[in-house]
Amino acid sequence: MTDIAARLNELGITLPKPVAPIANYVPFVRSGNLLFISGQIAIGPNGIVTGTLGRDMNIDAGKSAARLCAINLLAQVSAALDNDLNKVRRVVKLGGFIQSEPSFTDIPNVMNGASDLMVELFGDIGRHARFAVGSSSLPMGTAVEVDGIFEVE
Amino acid sequence: MTDIAARLNELGITLPKPVAPIANYVPFVRSGNLLFISGQIAIGPNGIVTGTLGRDMNIDAGKSAARLCAINLLAQVSAALDNDLNKVRRVVKLGGFIQSEPSFTDIPNVMNGASDLMVELFGDIGRHARFAVGSSSLPMGTAVEVDGIFEVE
Amino acid sequence: MTDIAARLNELGITLPKPVAPIANYVPFVRSGNLLFISGQIAIGPNGIVTGTLGRDMNIDAGKSAARLCAINLLAQVSAALDNDLNKVRRVVKLGGFIQSEPSFTDIPNVMNGASDLMVELFGDIGRHARFAVGSSSLPMGTAVEVDGIFEVE
């Protein structure tokens, strides 16, 4: 079995301090073996990554924003599991919203920024169901928002 | 333990007759201890609250619309639980769609109208995971649509 | 008990080969008795059904596109259940995204193309919770995207 913390290191990823909710809700709720993570925006050390695909953001930048959402999801999952990502049994589902112009249709490619990281990190148990859709506006102008469901020990 | 019906009274809320689906689906499905509630629109005694944030609706009106969606969610939860909201063990997740202009980004604040009510009513077990995103168009022009997952006895 | 394969035949539906994900994810994940199916687009024998409600697609065409998404969902469910749809215990929830102009509001009617099929096929256990919202842009310009949660044996 891979140690997920070691794998994070190999990938050069340091999980950030989990992003605090901007409102009267919580970043995660566990029910049975399912862990529901709130929608995470693309926020990193330099603040919120804003932009709209098909207008002022290209696909590579969009993928990076989606990857950042995935990192923020992982930070929440880790916090929910006493900092032990080895307790993840399966990435069940990601829901991806990509801030886009109506004319932009390469939405799955952008969302891959999040999906790829899950598989890089967890291997086969990182393969998940997902949806990916365009959105005309997202919180604080973030380019991407992703929520998730994880099965945990 | 707080009696939730008494707490509803304190909040001055009378649950409406649950809104009938406008289509070939049902307002709730239970699977195990999870209760999945269909997306509820902002409909009240005066009909559907229409409007678009950033165009013809301000944040306070948007929050009220989101609160109305939450009340309609609660009406469905209550109907699913033989009118006994004390059987709710946890508000697990809300999914919020806010009808918005592309330039409107204060989406979390609008969604708080729904989130705040859950915490006012249920206290700590009302704290939930959520996503909140903008949407270019919602059913019948409603300003807000919210669905939910509840853990129940 | 109805045999679902026989019922599919009566409805004149042949399930397609399940659509392969266009990315680094999988079409379904099972967790406990819940089967999570990835968002399915409106793709059929003639390719992707593109179009935007309120611009260049009418409601009947939109309903057909939604029905096609439902057929693609069923193909994935069938693949997940060793081709035995009789193992479905309940259609729990559908999530519908309808590519629409901001002025288009008859979103529930379009989504009925998916919901109706579930009830035609499964009867009462096909009645599901759902949300249906407009989206400014969907993958590859598909008119409709629908994901689903199914309770299975």
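In this document, chain identifiers A, B and C correspond to the written order of the chains, with residue numbering beginning at 1 in each.
Everything below uses one rule, namely that a residue touches a chain if its C-beta (ideal position, glycine included) is under 8 Å from a C-beta of that chain, and two chains touch if they have at least 3 such contacts.
What you see is a predicted model; the values in this text were computed from it and never measured.
Colleague: Using the definition of touching given at the top, classify the network of chains in this structure as line, ring, star, complete or other.
Modeller: Its topology is that of a complete graph.
Colleague: Go ahead and align chain A to its copy chain C using Cα positions, then give the rotation in degrees, nearest 5.
Modeller: Value: 120 degrees, nearest 5.
Colleague: How many Å are there between the centre of chain B and the centre of chain C, using C-alpha atoms for each centre?
Modeller: 25
Colleague: What are the residue numbers in chain B that touch two or more other chains?
Modeller: Counting only residues that touch two or more other chains, chain B contributes 32, 102, 135-136.
Colleague: Could you pull out which chain A residues touch chain B in their complex?
Modeller: For chain A paired with chain B, touching residues are 22-29, 31-32, 36-39, 52, 95, 97, 102, 135-141, 145, 147.
Colleague: For chain C, which residues count as touching chain B in their complex?
Modeller: By the definition above, chain C touches chain B via 32-34, 54, 90-94, 100-109, 111-112, 115-116, 119, 127-136, 149, 151.
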